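Here chain A shows up in two complexes: once beside chain B, once beside chain C.
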Partner chain A sequence: MLASQIGYYSLILGLIFSFTLSFFATKDLTSPSKKIDQNIIVLSFLQFFFVVVSFLCLIFSFVNSDFSNETVFNNSHTTKPLFYKISGTWGNHEGSLLLWLLVLTLFIFLFIIKSINQPKKYRISTLLFQQIIIIGFFLFVLVTSNPFIYVFPVPNEGLGLNPILQDPALAIHPPILYLGYVGSSIIFSAALAAVIQNYINSEWAKHIKKWVLISWIFLSIGIMLGSIWAYYELGWGGFWFWDPVENVSLMPWLTLTALLHCILVLERRLLLTSWVVILSIASFTLSMCGTFLVRSGILNSVHTFANDPARGIFILIFLFILIFLSLGIFFIFHKEQYKDNKNFFWLSKETSILLNNWFMMYFLSVVLIGTVYPIFLDVISSDKISVGPPFYHKLIIPFLVPFLIFMVFGSRLKWIKSEISNKNLLIIFFTISITISFLVTKNFQVDLFLYTILIGTSLFLFFTTTVEFFNKKKILSQTVAHFGFSLFILSILLNSITSSEVSTNMKVGERYNYEGGEIFFKKIEEKKEKNFNSIVGHFKITDNRGDIFNLKPELRVYNQPIIITSEADIKTTLLKDNFLVMNTVKGNEYFNIRYQVKPFMLWIWISVLLISLGGMISFLRAKNEK
Partner chain B sequence: MYGKKVKLRFLFLVLILLTVILSVFLILQSLKENVVYFQSPSEIKSLVELDKNKIRVGGMVKMQSVSVNSKEINFIITDFKNEINVRYSGAVPNLFEEGKGVVAEGFLKDRNYFMATKILAKHDENYMPPEVKKAIGEK
Partner chain C sequence: MRILKTFLLVVLFINIANANTDIKDKNLNNKILKNIRCLVCQGQSVYDSESEFSSTIKLLVKKKINEGKSEKQIYEFLRKRYGDWVIFEPELNKNTYILWILPLLLFLLGGAIIRKKLK
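For the complex of A and B:
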């Protein structure tokens, strides 16, 4: 009771501080003093502090199972383990928006105290733009999604959290992903501020690069966590389904990756100024679009906690205001800076980064159209369609070949004018890669030509980046990230051609033989936990190499809400995953068994971590440079 | 007539335009080929021509219609007006149950027989695919 009161009033206080802050900031914008008014920093801290208080109150209500609070009542239960009581705080619409707000205010506070070397007017303008977003979200939370609504009479028990959300990877997935999503808000505000203050230059690029890196790193890891979760929890054994909710997180990632590259051009050569601004605006807009699509209930998925049209409309209007505002500012205030040194030879780092951006924009438009088209069609013709993986695969996979080849050459080029050095070495590498790839691919029943080229080019990038590690003049961050990327594509390709799957229906005690192996369904065992009962299947698997191992997939029947989930059992080794999931058709003695061998799974996750590590190295270097 | 720079810039613009047009064309083309349409059992019954492409069928799993053997699962999808037999081999989602909503993806054999290649996963017990809502809403 009390916690909800405090939480609610803290939110209102936070909103009041936002208005005060905006007022002081506007006043300070015109004051002659060179330093930022101390009040602004204090107010920005207070704004953050009260959102933290409010958030802590909500966590406290969840931990205490205070069912007088509607959000807690709807999403928690007394028998839930403490860890999931806490993670339940952001496992719902209201709480997750409060988390958005928390990250928004945290980032602007960090920005203000970390940007002391930047011009005052630029800092204050950034703060003001960020306040527009913050106030928008404050109103959104308070008006449409208040997490502190009372329920009277107070229920004895809550409705529980969707069991498939009760999972460690998914507990930390939202906060990490949000740091990435919301982190892009700072880039957005800073870019607009820089346009207005005519401050788009190398200094700005150097400073904003760190913020781009932060959101990019968190977004990468956040997407990966969601993907790992989908892999073992949804029971299909895949890690990416081209589901709209996945796509909306991929879109800002693509623009951020493009931005990450072209901000280097701005920093070193003062080129592409408009493009940098557009990408900055696009990244945050796409993050907002993601929130809109996911929260409005237009897309049905685990992420849709409630279908409330009012919320969708609020975000949509807010989104349009932000888009018009930012584009308006861009067209009115942005001035191309004319410089003499604009020229560059076609074979140069500038060209290669431009090419990278072209590819990113192409991938982005594929994903965007695939995601939005079904919604669009539904609205105009009420035809229900879905766009499946073949669409994305067909349009993206062939373009990976030139993309990977350009990555090999692009990263070796110098600014302004360059030549390709070690041509012979590269040709040798290319020949070796294609040969190896051909020898590997011909053992599998796949399109020989396509896969030979695909695996060949990713091996080519793999070898050249590996050699790059021994180059004394290397840029470590770039080498690590590009090496990670080659490993990523390579693992996905090998995984997709070498994976195998058997699925069958079995009774307890039965044996099932498949190509050279055997699955033995030994027994089932029943277990009782605090918030679920489970049926554990004991399986003995003899694979075609004669290795014998046991897998114990589970079927869980959660008590509140009553939902059955199947927990796959995965035996992960360095080279492959053995994945077994079982299922039941109610009231039937047959269990539905799905056994998969998935080579190189672990390397997909490792390579994403390597890509992010590249970003971290770059961040640390940028931090130490000043 | 024009300077080298202008020509170069013109060439660049044409190139950009061409790539954009090409990629848009490519995207739209494969969109046409790769979308999966949703149909209800009633819509299938009234089809003039059988669709050879992959489609989705949605509705409710008819009570007492599920039968399982070691190879496959057979059941009936109904929209309370018409129904269709479905054959499927593979893993069913957790919430696949008689009397609950379901979406099956696959190919039509004839107007009464559907070979499913995938049964779509649903995430909670109250969730109903929009397709099913639409199908049931029409009854």
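For the complex of A and C:
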């Protein structure tokens, strides 16, 4: 009760500080002093501080199960474990927006105190652009999604949190993902500020690269956590479904990856200035689009927990304002100070980065068009179509082949003018890769030609990057990230061709023989937990190699809200996952059992971590450079 | 009625389990099921879902395959019955030319821009 009051008024205070801050910043922009007005730094801290207070109040209300607060009432329950009471704070629309705001204010505060070596006008302009976004979000939270609405009479019990959200990976997935999304707001503001202040140069590139890396690392890990969650919690054994909400997180990732590469060209050769600005604007705009698409409820997806048109319209208008503002600034203020027709030699690092951007933009266009097109079609002709995995696979997979080959060559090239060294070695690697790939692929019932080439080219990248580790002149971050990427594609491909599964109906005591071994349904056991009752199935699996292991999938009946979820049991080893999930068959004693053997699963996650590690190494190096 | 239905289901499943169906048939079956949207779920395919709708569709697809219908014919049948929404792979028709072709055009455009830069 009291906490809600404090939380609400802190938000209003935060908004007031934003206006004051904007006022002081505008004034300081024209002052002759070389240093930033100290008030601005204090105000920026206060703005952040009051959002923190507000956020803590909401957490406090959740922990205390204060059901006089509508958000808590709608999303919590007294019997929930403490951990999920806390994570429930951002497991809903209002709280997650408050988290957005928290990260927005945190990042601008960090930006102001960490950018001391940058020109004053540029820093203040960035702050001002960021304030536009922050004020927009303050208004959005206060007007359409206030997390501190009072319920009277006070209910005795809350409605509970959707059980599929009660999961450790999902508890940390949103905050990490938001750090990535919102981090791109700094890139957006900084790019606009740099355009206005005519500061798009290699100094700026060096400085903004760190922010790009931060967003990119968090976004990569955030997406991975969501994917891991989907893998074991949704119970289908897949890890990426081309669900609109997944796509929406992938889009800013693609632009950030493109930006990450082409910012190097700007840093080294002062080329592609406009392109860097466009990518910076696009990254944040796409993050905002993501918020809009998810929050407005126009998408059919497992993630949409708020279906309120007013909110959708607010974000849409806000989004349009930001897009027009940024494009306007870009066209009015942006001058190509450096002749962009300074030539690109065809065989050089900068050309290979252009090629990287070319493919990134293509992948982006596939994902963007695939996600948005059905919505437009529905509006225009009211025809509903689905754009699912086959669409993305058909348009993306064939393009991976040239992409991987360019990656092999691109990373070996030097700036300005280069040539390919060790040609013979590369040819040998390529031949070996294709041969191995052919020998592996022909054992499986898949498109032999396509998979031989796909696995072959990813092996090619795998071998060449592995050798690169022994090169003394290597760029470690790049080698780690590219090695991770080759491992990533390789694991996905091998996983997809070697996975096998059986699905059958069984009752207790039965044995089922499949091609690879035997499944024995030993017994079921009932368990009572604080917030759910569960039925645990005990299975013993004996495979043809003589490996015996026990798997215990669960069916959980959550009490608040009453929802049945099925929890897969996964035995993860270095080389493969054994995945078992059971479901009830309506009205009889049989259970539907789905048993999957999924080789190389672990390597998909490890490779994403390696890719992110590459980013971290690059970040640390950039940090120590100054 | 319900008992009859479940009985039929069980019998069918046992049949499926026992029958030595050709692996290719089974692969085709799975491929088709993965491409059909479960209309009563949130973004799940029929293959991944255990809803009543999905169970019906699974039986239906099985039946159609046994009748010797091709993948295309089965999709055609389902589209007629439930609309285009039910199939995950959008068909190439006047509604979807833009969807399929625009990304490829953008790719070509990008290539042209890069070519110009290199000159």
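Some points to look at:
The rule we apply is simple: the second predicted complex is superposed on the first by the 620 of 626 C-alpha atoms of A that agree within 3 Å, B and C clash if a C-alpha of one lies under 4 Å from a C-alpha of the other, contacts with A are read in each partner's own complex, and residues count from 1 in each chain.
Everything that follows uses one rule, which is that a residue touches a chain if its C-beta (ideal position, glycine included) is under 8 Å from a C-beta of that chain, and two chains touch if they have at least 3 such contacts.
In this text, all values refer to a predicted model and were calculated from it rather than measured experimentally.
Superposition model on chain A: chain B and chain C are shown in a clashing arrangement.
When both complexes are overlaid on chain A, the residue A:D383 reaches chain B and chain C alike. Of the two partner chains placed by the overlay, only chain C lies in contact with A:G238; chain B stays clear of it. Of the two partner chains placed around the shared chain by superposition, neither chain B nor chain C is touched by A:N156. Looking at the shared chain after the overlay, A:L354 reaches chain C, while chain B stays out of its contact range. Of the two partner chains placed by superposition, chain B and chain C are both touched by A:N592.
In the superposed pair of complexes, A:N505 makes contact with chain B and with chain C alike. Once chain A of one complex is fitted onto chain A of the other, the partner contacts of A:I563 are limited to chain B, with no touch recorded for chain C. When the shared chain is aligned, no partner comes close enough to touch A:N443: not chain B, not chain C. Shared-chain residue A:N624: touches no atom of chain B or chain C. Across the two superposed structures, the residue set of chain A contacted by chain B and also by chain C is 234-236, 300-302, 358, 362, 365-366, 369-370, 373, 383-388, 390-391, 395, 504-505, 583, 585-586, 588, 590, 592.
Listed in rising order, the residues of chain C touching chain A in the complex are 2, 6, 9-10, 13, 17, 23-24, 27, 34-35, 37, 42-45, 48, 50, 52, 83-90, 95-96, 98-100, 102-104, 106-107, 110-111, 114, 117-119. The touching residues of chain A, counted against chain C in their complex, run 234-236, 238, 241, 243-244, 300-302, 343-346, 351, 354-355, 358, 361-362, 365-366, 369-370, 373, 377, 381, 383-391, 395, 399, 445, 504-505, 512, 583-588, 590, 592. Contact residues on chain A toward chain B in their complex (touch as defined above): 162, 164, 234-236, 300-302, 358, 362, 365-366, 369-370, 373-374, 383-388, 390-391, 394-395, 503-506, 510, 555, 561-566, 581, 583, 585-586, 588, 590, 592-594. Those residues of chain B that touch chain A in the complex are listed here as 19, 23-24, 26-28, 30-31, 33-38, 56, 66, 68-73, 89-98, 121, 123-125, 127, 129-131, 134.
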